[in-house]
Each structure stands twice: as structure tokens, then as C-alpha cells.
Amino acid sequence: MQAARLPDPGPTIEAPQVHPKPEPLLELRAINKTFGSVAALSGLQANVAPGEFVTVVGPSGCGKSTLFNIVAGLEEPDAGGILRFEGKSCHAADLLGRVSFMPQRDLLFPWRNVVDNAILALEVEGMPREQARAKALKMLPEFGLAGFEKQYPNQLSGGMRQRVALMRTFLFERDLMLLDEPFGALDALTRAMMQRWLLDVWQKYRRTILFITHDVDEAIFLGDRVLVMTARPGSVKLEQIVDLPRPRRPEIVTSPEFVRLKRTLLDAIEEESMKSFQSSIAQEKSQ
Amino acid sequence: MQAARLPDPGPTIEAPQVHPKPEPLLELRAINKTFGSVAALSGLQANVAPGEFVTVVGPSGCGKSTLFNIVAGLEEPDAGGILRFEGKSCHAADLLGRVSFMPQRDLLFPWRNVVDNAILALEVEGMPREQARAKALKMLPEFGLAGFEKQYPNQLSGGMRQRVALMRTFLFERDLMLLDEPFGALDALTRAMMQRWLLDVWQKYRRTILFITHDVDEAIFLGDRVLVMTARPGSVKLEQIVDLPRPRRPEIVTSPEFVRLKRTLLDAIEEESMKSFQSSIAQEKSQ
Amino acid sequence: MSRALASPSLAVQRGILGAVLLIACWEGLARGLHLPAYVLPAVSDILVGLWSKRAILIDAAGYTLLEALVGYGLGCLIGIGLAVAIALVPALRSAIMPLATAINSVPVVGYSPLILLWFGIGVSSKIVMVAMAVSFTILLSMLAGLDRVDRRAVDLMKSFGAGRFGVLWRLRLPTALPLLLAGMRVSTVRSVIVAIVTEMLGAHGGLGWVIYQAVLQIDFVQVWSAIFVASAASLAFFGLIGFLERKILFWT
Amino acid sequence: AELQKASLRLKWLPQAQFAGFYVAAAKGYYKAEGIDLTINPGGPNLLTENLVATGADTFGLSGGTDSVFAARDKGLPIVCIGVSHQITPFIFVARKDGPVKTIQDFKGKTVTTWFTGANHVLNGMLAKEGIKPDELKIQPQQVSVTPFVDGSVDVITATYYNEFYTIQSRMPKDSLKTFVAEDYGITFPRDTLIVAETTAKEKPELVKAFLRASLKGWKDAFSDPKGAVDTVMAAAPTLDRTQQEFMLTEVKRLMTAGAAAKNGMFWIDADAVKTAHDFFLKYGVISKPLDLAAAYDASFIQSVPVADRLP
Amino acid sequence: MSGPAATSLSEAAAATRSITMPDSLRKLVRLLLGLAIAAVIWEGAVMLFGIRPYYLPRLSTILLAMAATPRAYVDGFLRTLAETLIGFASGGAFGVLMGIVFFRVRALREMIFPIFVVSQTIPVIAFGALVVLWFGNTLLAKAIIAFYLTFFPVTVNTLLGLETVDPKQVALMRSFGASNRQLLLRLQLPTALPQIFVALRLAASLSLVGAIVGEWFGDTTGLGVLLLQAMFTENVVAIWGALLAAALLGTGFYAVVAAVEQRLVFWSAEQ
């Protein structure tokens, strides 16, 4: 563990396309994570500037959720990795309570109804329950949950559960937000609306966002920068700056610039995804 | 309940765009479903012909999963609805064991490893365990799970869990397959590969498929027909025949025909999704 | 790897430490306050007494353990059987549960006069008593375990065409196992105690019989020796089930 | 004056066997002697000697001479201050039409007895007849007399006042054959009043006062048996009245038998005690000879005038 | 907030309530009916098969005997109830507390849990006499025995329940910066609650056992006293009287605990 507290390594050696902001909010260097015999992350390196919206894509099982767990403070990287937050070197555990984290599974508590699940983080912060509830009730319509405040999780549809989890994360206001496929279970339009809404919130409050998605369109539409991860063991294969103008209109997805970015990213992802399927393809050919 | 057993209502009155096949495999008429005070489905009507690939889209919470639960035999519709399978009027419960169903949540059993989760349905059918395992092991690479056969669910990533659940459904070979967002947690490429693979399987075995998705591209790419559902209480708003040639190549998504279909569908969905968010928009305007 | 090896030995060390502290306190109290044997004999005296009466005590322990084990096995079968019956035929629940609760809410020892009357003073009455005591605990644990199954998982199994039995065997039983085994672990100790208590009310042998005789002969060292043996026997039984539990529940 | 707190621990559950104490308490005889007495029932899992020795109770009505010997042998600091039942309260019962006609017929038969004193009586009787205990099947006796009534047991142990009544209520009296210890020259006085040595030494007046009040209670109980049973049944309302009346009659016979007929209730018959002691020593029930004078202190009972001790 | 949705929800609530009332009434009627049938079967079987009263007396005989000395049964019932309640409450609270402590402090758990197990292997009857010796014939002494029988299963199940908490949920709470206390109150205890209640239902029965057995050490009132007395006077009718009273007490108490459970652990209500 001591090894993680190296002296400041000086200005980081950065790939040319890395955002040129001077002081990153979050800095990851040489991050490894191994579960038993499975290496989930290996030599991962990334910076996130304050107020930046970074999207993360990569093949299934490449270690995206693992990366988030580390940044949320839930899992320590293997010894040797460097983790810096707000300019200070720290342990993953120091980040607990300092980033708002939405896990991939909704993890709603079955004994709490919609409102009470949403205010969980506020309660933990010590806000009086009634006040927290009032705050949450006001946000329900925005999440398409109006009238469902008293329902329990087992009475909700999959997408509704995800929206409750999302709302829970939004109510926990922190500088850095980690969203692990937050719109995975939403229909196209609800998804589009939530995307626009998320961009509004982000622009209004300038919260820094790290966002995992499987949808390349979504990754480009939302992000300042897209990180493409390699197949397991995961590291950053490509950091693609998205220099599309903001605010972005839905029509942007058909612009040549957007399509060009999408092609680049898809090629990168495809190359990585292919690796996961090498054996399967070999097998299919042999049949 | 008695009311559900009406005499054969004669040839169904069908909207012009409905598939003209003479004898539907599945026929739904005037299906209602209410949970306490929440009406999930109301007056739903649909036919599915044998060997057809029907995709279902609709706003989150509109009752898609509820519809599947009924067709899977897990939930009875309210009295008055008509349900016919293979030409015979029946109760929902009669369908238990006759359709292969993949639920929205993976529902893997924590005490079974990947292979043993996959062969669950085969075991229920009475296939000897070793034989079932051998069968499943051969399919692992196709699902990108080669080498993971001995892992337990808590050691898998979200996408991997979903693939195990999908595999479990595929091993349960029935004429009608119900897939509830089977590719929701997959990355773009894995998803594309699974889509192509699914079409292969479908064409090879001509199983009838009902497929819920939130991705309009996916709905068009896969389906013979797309059902667009209304906002809650759900019913079929639009049945859109997709008369694109098969086999479909990935490039098809850029064809004008495809884009035209997508526009029609998105308009229909947008209209419905809007309803769910009426109150939220009112709220946003008032701010 | 090294942690996996080190942590149980640490646990054992701490367990031993706890035991040593307790024994030291006991010994110190008994010796320091010069407590007479009829209040609390010193541990060392008990151990000496235990050694000198080992033949009798081992015999008695064997007798009691036999009753406890047979009753325990029977009780587990009955408890699991009833719970499974309820799971398969839900209508049975409202018939079985109130009756089982009513029967169980009377302390098993309360039935001892009737059981002794019906089954005699020999081994069978002890077995019946143990089975009664164990079966209810098992029934409750098992039922709670069977009930906590995820409804959607049941639906999935049903959609595969699984009947009640299939759902039970492949889903509900594995879900119930952790609770069942916890119940079985707690019951081990109860089974030995109930056997002993019943023996104290009338028996031909066993640790309870030894204890009863020793009380009346004012031989408190022997009372405690027998209690020590009973404890050791229950503890071994408890440990055995705990061991099986860890082997079986690998996924938790 | 200030009442002195004290308690009496009985050897068994409340029943007419202890009527005198309940009557004395109900009529305020203990209060009149300056004692605030609580009567604590005994039971199958309590040993009165132990509770008195540890000071948990002041007085005890304990098992009998045998249990006093055993307690003294184990070093429990208790003293017997009076003996209630002057003759052996146990008898052994067989069926008249059964195979057991004489004690010799016990051989090879199933005999049940309590291993709490009655077994010594049985062994003594067998020894006198030259029978070895392993020649018969001696089994611990359970609560119920049903095995005997059913015929699965040939000989059963009974107290005159309790089991003998129960047996008679379930089969005719003249169908029974009884074996009495005294017929074989054996007497075990039972139901002993005990106190801790310290009490005897430091509070002799309390002990005497207790005896005076208790004796008054017993005299009243015998002169008004119905009233006495009422008093007992107030403490234990579910008892069977007829049985309790029968019990009181039998208990009176046991309490006034032998030397007590002349010397009054709770008399300590030194000869009987000595005989019993020698018997126990011979059969190894106690490990060493006991100082009987220290174990049985008749001075307290003798402080009450004989007239007050006769019923 | 008071939109149409809210109205329809409250309407739904009202509707459910109006359904519950006759529902609970119907349950009561069913229960009484069940009891009546059982009584008739009992009475009938004894008369029909001529079962000897020493094995099984007629129900009417038992009830008449109880009615003859109602005070004894009422007093005994209340006294035993008090002992049971005190033992249950203290045992339950201590059990949960120790479950939490053991869950939190591994070292303590490894040191003390084995001793707890050992303590449970000692038959109460063997040390009941010691309790009388130390605490006398007091209510406290009985409550202690009830406590002794109660706390262990509660500890075991609390520990078990706390350990089944989904680590991902713990991670989520931790990411909110939840303290150990918050983690416990908001996640771990609610997750363990169904398990704890299984033990509490068991404890409801065990605390009654403790109270009754406790009364076997020279007490004057209580159902245990009645039972013991009946047992040793071989009064089969009175044995059954005491058993019925104990069954009533035990079943009633159990039902109360189960009802509380249904209210508190509504989310695990399945099927």
C-alpha cells in the first residue's frame, strides 16, 4: 500500500489528444486490479478535468464497472497504482462519500418505497427525512415517476427501477458523478429526454461526470471525451476528444463530423470486442 | 374467468398492415391487466404468425414485461381477455412450459455455476445432467463465455450474466421465444454479433420470436414486424411491417427504406413517451 | 492464500483465549471465595471428578447421544417433511401451522408426563421428546427459507414448465438451505438438552439420569462433570453440523 | 416488635403432607412468634439440604434421615431439629392375583422404586431375606403408576399417603398385596426438619419459636382436617380434595407412630436414627461414621412442652 | 402533489382497507370454526373409541375442571405471561445486540461466540437450582431462565442475517459516505430483519419454555407450577388443563410476534 504514496511524479506524460487542462480532478496511473486469477484492469491510465463529461465504452467484461468501483472508493487497486483526487494522492477508500455513484444494478432496497429509496443518500448525509422527501417529490415528474412515490420496487418496471436509482444518485450532489449504464433499460425517447436533461444539469451545475455506456451514439452525444477500453485486462485504448459544439441538438447525430467520430470509435471497439470472441469464431469456423 | 372462454370469435378484424398469415400461432384479444389501482394493459390486441419475428417497443413502464408474463403463462389477464395459442383458446397458465422466456432481470441462481445455470431448463425437462452440460459447453464460445463455465454468477460482469441468461433461454427449445431486452447490457459490438447470431438461429430453426427492446434500430433490424405500444395502460398503437429483404446486412441501417421506417416508428414512440412526461414538462416550463 | 491459512488459526487462538479466560475466572472465583462444592465447584475439581468417573460418564453420554441423534434425525425428517408438504400444498399451511404452533408453545417438557405415560420410561420416550423439540425449529427455519424465494425466479422456473416439485427441488430448497442449516445447527444443542431433561424426569440411564442421581446424593462435582460431558458432546455435534453447513453453502 | 424474616423450604409441592405449616402460617402463629415466614415449595429438581446449607432458606423440611446423613457426609453444614414421619412412609405393592406372594417372589420380577431413598429400604428388606439386588430387575420408578396398573411392572413403590391412594383409586384395595419395611425390621424415619448449623448456633430462639408455631399449626390441622385441607388447597387450588383428606389422615398416622405417640410430634428417635445410620454405613451409602449428636439436635424440640407436641 | 395520481392511490388504499376488514373477520370466524371442529373431534374420538381418561380425558372434563378453579389458571396465566414477556424482551434485545457486536467485532465473536454455544449446551434443569440459590423464588429468576433460552437463537440469526447483506448494496451505501451506524440501521438490520424474526418467533416459544421450567424450582404460582403439580399427583385432567392454558398463552404470544413480523417485514411477503 505504501507504494501507492509515491512523491508527486511531476507533470504527467500525456498522449497528444489528452485534454490540456492544467489540474485534473481525478488522475489514475498504472492501475491494476486482479480478482483471483482474473486480471480485470492492467496499467490503466486516465485523467478527468473538473467539469468534464467523460464517457467510457468498451467490450462487456473489460473492467468498466471495476474501474468505477475503484473511483467510488469501494475497491482498492492493486499495490503500485496511483490515484489522485483534487490534486492529492489518496487511497480509494478516501473517496467514499465524495463521489456520487450509480451502480450498474439498481440495488433498490425492497423495504423502501420510491421516494424513500431516492432520498437514501440525503438521509445518510443527515438531512431530515421530511425535507429530503419534499425535495425528492418535486423531482419525481422529471424522472417520469409522478404518482409512483408510494410504490415499492417489486411493483415497478425495469426502466422505472433504473430511474429511481438514477434519481437517488442525482439527489446526492457531489463534484464527481459516476454513472454505470444509467440509461440501459430506458426506451429510446425516455433515454433521449434523460440525455438532454443530464446535459442541462451538467451545464448548469458543472458537475464532473464519468459515464459508462454501450451505446456509441450516446457516448459521442454526451461526452467531451470518449475513453475506449481494451478487452480484459482493461486499460485505456483510445481517448477521443469530441469537439462538437454545445449545446448539442439531437440532429447532430447525422452530421458528418459525428459520423466520422463514430466510425473511429466503432473501429476501435470492434478490434477489442473481436478479441473476446476469438475463440468463439474459431469454434464457429470449425463447425 | 368463464368470460375468457368465449366461443371462437371468427376471423379477427385486422388493421391493414397486419401480417396476412392465415393461422396465427398466438392470438391476443381485448387483454386487460390491472395491478391494484394501476392499469398496466388495456384492450391489447395482437397476432403472431408461426415463424415470425416480432419486436416490441414502447415507453418504459407501458406494460411490455406484463404482456410477456401473460404470454409466458405467469400471469392471468383480467377476465374478458381472449388468449389463443396454436389455434386453441386457452388460459395463460396453459402456456407454462410451452414458450421459452427470458426475463428482464437475469435471475441466475447463485448456487449454480455458469454451465449449471444455463442447463436449468434442460434439467427441468428431465435431460440427464451430463448430457445437458455437454450440450451447454459446446455453446459457451458462441456466447462469449468460453473459459467461464465454472464461474459463479457473483464473479461475472453485468453483460456476462445477461449472456448466461440468454443461453439458458436458448437451450430451452420451444416454438415461441419471448426475449425481454436480452441485449440491454451488451456493448455495441457484442450486441451486433448477438443480433446476427440470433437471426441465424431463427432462420435455421424457424422459431417464432417476440422480442422487447428499447433500441429502434434493433427492432427494425431484427423484426418482420414492430409493435409499438402506447403509454400505460399499454395497448398496441401501431403494427409496422418491416419488409426489408433477408438476410439483412449491417449496412442496411443506412438504407433510405430503413431510415424511413425508423422515422415512422420514432414518431409513434415519441408521441407515447411524451404522455408519460406530460407533468414533468409542465413542471419544467413553470420554473 | 496466507490469509486463508492464518485467519482460522487466529480464530481458534481467540476461541481458546476466551475459554481460558472463562475457566480462569471460574477457578479463581471458586478458589478465591472458597465456594463449597454445592455452590460452585472449582473447574480443576470437576475435571478430576470427571476423570475418576469417566467410565460411567462415557457410558451415560453414549446413551444420551444415541437418544439425541435418533430424535434429531427423526425431528429433522418430520420438520423438513412438513415444510416441504406445506410448500407443495399451500392449503396445508393453515392446517399445520396453528396446530404446530400450539403444540410447540407448550414446552416439550410439559408433555413429558404424557410421553412417559405413552412411550414408557425407556429410550423411545426420549427420542419422541427430542423429535418433537427439533421438528418445530426445523419446520420454522425451513419454511422461512422456502418462503423467501424470489417470486420472479419462481416464475422463471414455471415458464420452463417446472411443476411444484421442480420449483421446490431446483429453486426453493437451495434458497432455503442456509436457513435450514442454521436451524439444524441450533437444534443440535437443543436435542441433547431435551434428552437430558427428559432423562431427569425418569430414565434407565444417560447423563440426565446421572445428574438427577448426583443431585440427590449431593455430589455436585459429579453433577458438573456430567454437565461438562454433555457440553462437550453437544459442542461436537454443533461443530459437526457447522462443518457440514460450511461445506454445503459454498456460494454464500 | 420487628418481625424476623425467615423461609421454610418444603421437600415437595404444596400438599396435605405439609398441612400443619400452612395452617400455622394462615392462622398467624408464626407472626405471633415474631417470624415473617415464607413457605417455599420444593420439587423434583431441588434439594432442600442444599438450599438450607447455602442460606437461601432458613428452615427446611427435607427428604429424611437418609438425606440428612448424605448431606452431613458431604460436609453440608446442616442440623436436623425434628423428624416428622416416625416410620417408613414407603411400602412395596404387588397384585394379589399376581405371581408375587412373598418377598422371595421378587426374584426375577420387575420392581420399580425411587433411587432417592426408597431404594435403600428395598435393598435393606432384600438383604434381610438374603436376596441379592441383581436377582431382580430393579428399575427407576417414573411418575405414573400406570405401568403397575397395566401389569407391566410387578412390584411398585408407593408412599402411603400418595401413590397408594392413586393405585387404590384405579384398582380395588383388596386386590393389592403390600410389603412393609417394618415387618422386616427396618425403619427409615423421613421428612426431617433442618436448619443451617449457623442458625442453630446463633438463633436458637428463632428455631424454637418456629417449632412452637409449627406444632400449633399441626395440632390445629389434625383437630380440624377439613379446615386444614382448605388451607392447603388455597395454596394449590387444583389439588384433589378427597386425596388431600386421605393424605392428611395417613400423614397423621406416620407423624404420631412409634416414639412420637409418647413423645409428641417431630420427636427425634435416637435409636431409629442410629439403626438407620449403621445400616447406611454397612452398605456404603455413607463413607464414614457420622457424629449423630451433631447431626441430630433434639434440644430445640425438647424446649417445647410435651403437651404442646401431642396432637 | 395532490394530483389525480395521489387521489387514485388514496382511493386504492381505502379500497384495500374495506377489503381487509371482512377479511380479518373471516379469518377469525375460520379460526373459531377450526377450533370448534377440533373440539368436537376430540370429544367424539374419546367417547367413540372409549379412550381411557388416563391416556386422554374428554375435552369437556378438562374444561369443567378448569372452570372449577378459574383463579388458579388465571393467576398462573398472568404470572407466566409476565415472566415470558420479560425474558423474551430482554433475550431478544440482548440477542440482537450480541449479533450486531459479533458481526462488527470479529475478535469478540471468535472469543465469546464459542462460550455462548457452550452455555447453551447446559441443560436449564441442571442449573435452575443455582438460579434459585442466587435469585430466590423471584419473577426475575424465571425471567433469567427465559432470557437464557431466548437470546442464543436470536444472536445466531441476527448474525446470519447481517452476513447475507449484498456486498454491492454495502458498497453503494459506502459510496454515499455512510457511517457504520447508518450502514447498520439503514441497510444491514432491515436486510437481517426477516431472519431475526424467524428467531424471534422461535424465541416466543422458548421464552415460555424458560418461564415454565423456571417455575419448576419451588415456585408458588404459574402454569409451570400447575403442570408440575398435576404431573406428580398424576392428575391427567389437570395436566391437560395446564397444557391447554400454556398452549393458549404460547399460541397467542406467537401470533402477536408473527403479526408484528407481517407488519414490519412486509416486503418479503411472498406468494
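Here are some notes:
By written order: A, B, C, D and E. Residues from 1 in each chain.
In this section, contacts are C-beta pairs under 8 Å (C-beta built on N, C-alpha and C of every residue); 3 or more make two chains touch, one makes a residue touch a chain.
Treat the numbers as computed from the prediction; the structure is a model and nothing was measured.
Separation of subunit A from subunit D in touch steps, taking the shortest path, is 2. At the far end from subunit B, in terms of centres built from Cα atoms, lies D. The interface with the greater number of C-beta contacts, when A-E is set against C-E, is C-E. With centres set at the average Cα position, the gap from subunit B to subunit C is 50 Å. Measuring from the averaged C-alpha position of subunit B to that of subunit D gives a distance of 86 Å.
Centres computed as Cα averages put subunit D at a distance of 40 Å from subunit E. Residue positions 105, 279 of subunit B are each in touch with at least two other chains. The multi-chain contact residues of subunit C, meaning those touching 2 or more other chains, are 39, 113, 117, 151, 200, 215, 252. Residues of subunit D in contact with at least two other chains: 44-45, 47, 50, 54, 143-144, 146. Subunit B meets subunit C in the complex at residues 69, 72-74, 96-101, 103, 105, 107, 109-111, 120-121, 123-125, 152, 154, 172. Taken together, the subunit C residues at the contact with subunit B in this complex read 150, 152-153, 155-162, 166, 170-171, 174, 177, 250-252.
Subunit C makes touch with subunit D in their complex at residues 36-39, 113, 116-117, 120-121, 200-204, 209, 213, 215-219. By the touch criterion given at the top, residues 1, 3-6, 8-9, 166, 168-169, 171-179, 182, 186-187, 190, 193, 265-268 of subunit E touch subunit A in their complex. Partner subunit E is touched in their complex by these residues of subunit C: 10-11, 14-15, 17-19, 21-22, 39-40, 90, 94, 98, 101-114, 117-118, 136-137, 140-141, 144, 147-149, 151, 154, 178-179, 182, 185-186, 189, 192-193, 196-197, 200, 208, 211, 215, 223, 226-227, 230-231, 233-235, 238, 252.
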